[in-house]
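Next up: some structures, all given as C-alpha cells.
Common to both upcoming complexes is chain A, partnered first by chain B, then by chain C.
And then the complex of A and B:
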C-alpha cells in the first residue's frame, strides 16, 4: 500500500502545480480581458493616415442600479387557498418554534449535567444526561419537518414578503442552512459517541462535541431571531425598505439581543419542563422502587432546571419591553396598554400556574427528607402570599361594564380593586411571588442539611433581615412611586424592585453555599414523594407551552398591520389583530398538537430500548 | 394505560382552563386602518370635525398615549382646551418653533413633535428636548395633510373654539392622491419619475423654490445650492427638512418626501442640485 502511495505522490504534486498554474493564468487572462476599452482608451485618438479619424465608442455611463424597495402587495397579490393563510403559518411556525426551543435547550443542560458527572465522579449524572438526549433525539427531525413546512407555506402564501426578506438577508440564509449540517454532525457524533468516548481524555473529546453542538445550535437561533426582530424593528434599510447597510447592520436591530437573551433563558426553562413531564410519566408508570427513585430524581432535576431558568426570565422580558418602548413608544403601548394589554391577564394566570406548580412540587418533595419537618410550618404562609399576589396580578385594569353596573360600582373602577389593576400593584405581586418561590427552594435545599459552622445563627439572622428589608422595599417602592408620584417614576421604581428580588436570590445562594459547606447531611429517600406531586410536572410544560404561544402572538401582533414595521405593509385579508378568544383557540390547538408530537417522541425513544422476544415455535403436541 | 389517560386528561383539562380564561376577557379585534372615501363636494364642517375625532381615536392612535393621568404617557389633550394651551405654549420662552397661532402649533406638534416638548414629558435622559411621539405624517401612522387638518378642527371645536382650518377642496384631495401622501388601500404606487425634470415636477419643488435664481419664493432659491451645501446636506434637507432650517425661513417644507420618493428619484434630485454651483 505504501508503495502505491509513493508512486502516486510525484504525479499528485505535478498535478497540483499544473492546476495552480492554470488557475493563475486564467486569473490573469480574466483580469486583462475585463474591459478591453479601458485598456485602449488611454492611448488617445486612433487614426490611419489619410483616413478620417475612427470614432471610438464613448464609454457609456454605468446605469445606476436602483436598490429594491419593500414591495407593496395588493390584496390580490396574496394567494387565496380557501383557508386563512395566517392560521396555517401560525400553527406551523409555533410547532417549529416549540420543537426548536426544546432541541436547543436540551443539549445545553445535558452538557452541564455531563460536566457535573465528570467533576463529581457520579455516573448517575452521565446516564441521566444520556437519557435526556435520547428522549429528545427525534425532536431534531420533527423541528426540521415543521421548519421546512413553514418555509414552504410562507413562500406559497406570502410570496412578496418572502421575496423581500430573501432579498434583505441574501447569503445569510445560506449560512443558516449550512449551520444545520454542522449541528447534525455534532448532534450525531455527540449522541452516538456517548459510550465510545466515555472515560479519560476521550470524555473531553465528547464534551467538546457537546460544546460545538451547542455553539451551532445557538448560532442557528440568533440568526433566525434576526428575521423576527427585523420585522419588528427594521435596521439597515431606509424609509422605503431599500437595503442601505451590510448584513450585520440588518441583523443587529435594537431588539435582537433582548430577544436572543429572552429566548435563550426561556428555552432552558421550557426544555427542563418538558423532560420533567417524561420523568413524571415514567415515575407514575412503574412500581419498581429503584426505577421510581431514578425517575423521581430525574423529575426533581428537570424541575430544578425549569424553575432556575424561569426566575430570571421576567427580568429578560423587562429588558425586551424597555427596548421596545425605546424603539417605539407606540409599539410598547400597543402591547402593554392597547388591546393586547388584556393578554397580560392570561399571562398572569399562566405564570401564576407555573409558580404554584413549582412551589407545590418543592413542598411535596420535602417529604423525601426527615429534616424538612423544621420548615413545614412556613409553607402555609408562602402559599398565602402566593395566592394573594396571584389574585392581585390577575385583577384587570378596566372592565367592560354596562351603565347600570357602572352606577352600582360608583365609577368605571372599583374604589378598592381599581388601584390593584395598574402596573405598580402587579410589580409588587410579581416580585413577592418570585421572592417566596426562592424561599421555597431555599427551604427545600436546606431540609436535608444541618449547618455545622459556628456563625450559623448569625447567618440565619442575616438571611431573615435580607428577606424583611427586600420585601419592605418592594412594597414601599410600589405603593409610594406607583400611587403618589408621576407616571415616569413608576417605571424607574420597578428597576429597584427587581434589584431587591435579585439581591435576595444572590445573597441566599452565597450565604447558603458558605453556611452549609461541610454540613451534616440527613438521609434523603428518592422515590418517597406522593403521586399527586407528579401532576405539577405536567402542569409546568403545559403552562410553559401555552405561555410561549401567547407571548409569540403578542410579539407578532405589536407590528399591527405591517409585515415589516413602518417599511412593508400587510395588505392580506388577515392584517388585523384577532380577538383574544380566537388567539386562545389557536394556542390551544398548537399546544395539543405539540403534546401529541412530544408523546410520539417519547414513545420512539422508548421503542429503541425495547426488544421483542424471539418467538417460540409451537408444534403440534408441544413446544418444538 | 390508566396513567396515560389520567395524565393526558389532566393536560387537556388544564389547556382548556387557559382557553376559557381568554373567553372571559373582552373580545376586541385590532382592525388595520382602512382608507375611507370622503366626498369633499358635500363635506360639511361638522363632518370634518367628526372625521377628526374618529382619526384621533382610531387611525391616528393618539389615545394610546394621550390619556388622563395617572395612566397617560403624554399630556391629556382631550382634557385640555388645546387652543388656550397652545397659546400658553407659544408664549413660553422655551418655545423655539415657527408656529404663530394655535392651529399652527397643533400641526407642528404632530409633524415635528420635538420642536417643543412639554416639561416632564420628554424622552428619558433628553432633558425635555426630544419627544417620544412619532411624526404622525410618517410611517407607521401616515396621516395625510387633510387628515391632520381634520384633527386640528376637532381639537379646536371640542371646547367651543372657532375652527380656523378650512374645509379641504376636491382639488386638494387630487393633489394628495397624486403625491401618494396616504398610501392607497390597493397598495398601488405612483409611477416613478424617469428624469430629474419629471421628478422636480412631480414633487412640485419649483412651487416654493426658484431653481435658476437666488430669489426667495416660499423657500430659498436653489441656483447655487451646490456651492452652499454638501451632497449629504442636500439629501438631509429633502428627507428630513426640519433637521436644519435656513435662517429666516418657516418650517414649511413637507417632511414626508422620504416616504414618497423612490431612491432613484431622490438620487436624481440630489445630483441635480449638487451640480448647481
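And then the complex of A and C:
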C-alpha cells in the first residue's frame, strides 16, 4: 500500500502543479483579455482597407416617457370671440345641469311611485308615474342639446384646459358616452313600453327597465361629478398636474362623495318641485272636477317628494362644506367668509321661501279633510317659528357700512343683532325650521286619520315630548356651545343638533306608521283646495332653480383663479370672481331661460294629448 | 254622575302619567345622544354637559 502511495505521489505532485499553473495562466489570460477587449472593442470589427467603415452598433436605451404636466396657457392661448367666454360657458353649463338634474331625478321617483302602484294595487299611481315620465321626456333631448353645446363651447373657448382634462380622464370619457347609449335605450323602452308591459310578470320586466334606466342615469351623474370635484380638489396627480394614479384615484377625490350625495338629494327635491308646477298649471287651467282632483293629487305628491327630499339636504350641504374646509381652509373661507359669504344670505332667503311655500301648501291642503280642524290651531305657532327663524337666518354678520353709520351703530356689529349673524344662531334657526316643517307634514298626514290602537295617548305623549325636548336641545346646543365654549365644541355641537332633528323625523315616521296602522280614515276631497295654494307650487321650482344656480356658482367660484385648483391656473381674461351684482344677474338670466324651456316642455307634454277635430268642408250654399 | 267624574279623573291621571313618563324617557334619550355624538367626535362632556376636554 505504501509502495503504491510512493509511486503515485510524484505524479500527484506534478498534477497539482500542473493544475495550479493552468489556473494561473487562465486567470492571467482572462485579465489580459478584459484589458484587450476594453482597448480594441468592438471585437472582430476590424475595418479592412478600401471597405466602407463598419457601423458601430448603438446601445438601445429604454425611452423614458415624461408624464404630461398641466398646461400653462398664456392669455393669448384663449380664443377671443368678442364676448365673455366664461359667460357663454356659464349659461350653457347651468342650463345643462338644470335639465340633467330634472331628467335624472324624475325616473327615480317615477320608479318608486310605480312600485307603490304594484304593491297597493291602485292603478292611479301607475297612471301618475306615466304622466310624470311624459312631462320629462322632452327634457332628455334638451339636456343632450345643452350638453353638446357646452362640450363644443369648452373645446372652442378653453382648448388647453380641455386637452388636459381629456388627458387626465382618458378612456373614462368613452365610458361616459357609452352610458348615454344605455340610458337612451332604457329610457325609450321604459317609456314606450309602459302599456305593453303593464300587468303580471311583464310589469316586473318594466320595473327592471326602470331600475336599469336609473342605474345608467346615476352612473352618468357620479362620473360627471368627478370632473367637477377634480377641478376643485384634484387627486391622482402630482403638484404639477402629471397623472400619477389610475383613473379610480383621479375620480375619488375628497369632495366626490359629498357632491354625489348632495346632488342626488337635491335633484330629487328639484325634480319634485318642477313636476309639481306642471300639476299646478293643469289644476288651474281646468274646471273639470275630476281633472282638478287628479292634478290636486299629483301636485300633492310632487310637493311631498320635494319637501321630503329637501329636509335632509342641508345636512348633505353641511358635510360638503365641512369636507371643503378639511381639504383647504382657504377655500372654505373664500366660500363662507370672503366675497362669496354674502351669497349665503341670499341662499337663506331662497331656502326660507321654499320652506314657507312648502308649509303654506301643506296648511292649505289640510282643507281637503274635515279632520284637519283638530290641528289648525297649531298652524299660527308653526308660522311664528318659521318667520322668526327665517329672520335670524337672513341676519348678516358683517355689514357694509359708511363711517357715519358705524358711529351711529357704535361699532361694525349691532350689539343685539350681531350675535345672530354667526353660525350657531343660524344652525339653531335652520334646525328649528326643519323640525317645524316636519311637524306641518306630520299634521297634514294625520288630518284624515283617527288612530284606533289602544296606546295612541302614550304615542301622542311620546311624540309631543320628542318635539319639546328636541327643540330645547337644539337651542341649548346652539347657545351654550356656540357662545360660551371653544370653537371645537361649537362646531361639534352642530352635529348633535343635526342628530336631534333626525331623531324627530325618524321617530315621527316610525310612531305614525305604527300608530296609524288600521286607523279609521276620514274622507279626503281631492280638488277641494284654494287656488292660491297652487301658486306655492309655482314658487317652489323658481326658488329651487335660483338656489341651484346660486350655490352652483359658489361651488365653482371657490377655485378662484384656477381651472384645476393649485394645478392649472386660469389665465383667461375672466380669471377673477365677478361682483355679486354681476353674478346675481347671470344666475337670474339662467333661471329665467330655464323656466322658459320648462314652459316649452310643459307645452309639448300637453300637445301630445291634444287632438285637432276634423275640419268640416264648407261648400257654397251650406255644409258638404 | 259620580262614576263619570271618576272616569274623567282617571283618564286625566293616565294622560298626565303618560306625559311625565314620556318626557323623562325622552330627556334621558337626548342627554345620552348629546354625550354619544360629542364623544364620537373626540369631544367628551362632563355629567353637567360642560366640555370635559
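Remarks
Methods note: the second predicted complex is superposed on the first by the 565 of 624 C-alpha atoms of A that agree within 3 Å, B and C clash if a C-alpha of one lies under 4 Å from a C-alpha of the other, contacts with A are read in each partner's own complex, and residues count from 1 in each chain.
Going forward, a residue touches a chain if its C-beta (ideal position, glycine included) is under 8 Å from a C-beta of that chain, and two chains touch if they have at least 3 such contacts.
Just so you know, these numbers come straight off a predicted model, no measurement behind them.
For the composite obtained by superposing both complexes on chain A, the positions of chain B and chain C are free of clash and fit together. Of the two partner chains placed by superposition, only chain C is touched by A:468; chain B is not. The partner of chain A that touches more of its residues, comparing chain B with chain C, is B. After overlaying the two complexes on the shared chain, residue contacts for A:387 are found with neither chain B nor chain C. Look at A:337: by the touch rule set out above, it reaches chain B but stays clear of chain C. Using the contact criterion defined above for the overlaid structures, shared-chain residue A:196 touches neither chain B nor chain C, since it reaches no partner. Within the superposed three-chain model, A:493 lies in touch with chain C and out of touch with chain B [touch as defined at top].
Of the two partner chains, chain B is the only one touched by A:67; chain C is not.
When the shared chain is aligned, chain B comes close enough to touch A:562, but chain C does not. When the two complexes are laid on top of each other via chain A, the two nearest Cα atoms from chain B and chain C are 7 angstrom apart. Judged by the document's definition of touching, chain A residues 486, 488 lie at the interface with chain B and also at the interface with chain C.
Of all the residues in chain A, the ones that touch chain B in their complex are 64, 66-67, 69, 72-75, 77, 238-240, 242, 280-281, 284-285, 328-330, 333-334, 337-340, 342, 345-346, 349-350, 353, 396, 400, 422, 483, 486-488, 535, 538-539, 542-543, 546, 557, 560-562, 565-567, 569-571, 575-581, 583-585, 587-588, 591-592, 595. The touching residues of chain C, when paired with chain A in their complex, are 14-15, 18-19, 21-23, 25-27, 29-30, 33-34, 37-38, 41, 43, 49-51, 53. By the touch criterion stated above, chain A contacts chain C in their complex at residues 457-458, 461-462, 464-466, 468-470, 473, 477, 480-481, 485-486, 488-489, 492-493, 495-496, 499-500, 503.
Residues of chain B that touch chain A in their complex: 3-4, 6-8, 10-12, 14-16, 18-19, 21-23, 25-33, 61, 64-65, 69-73, 120, 124, 132-134, 138-141, 183, 185-189, 239, 258-259, 262-264, 267.
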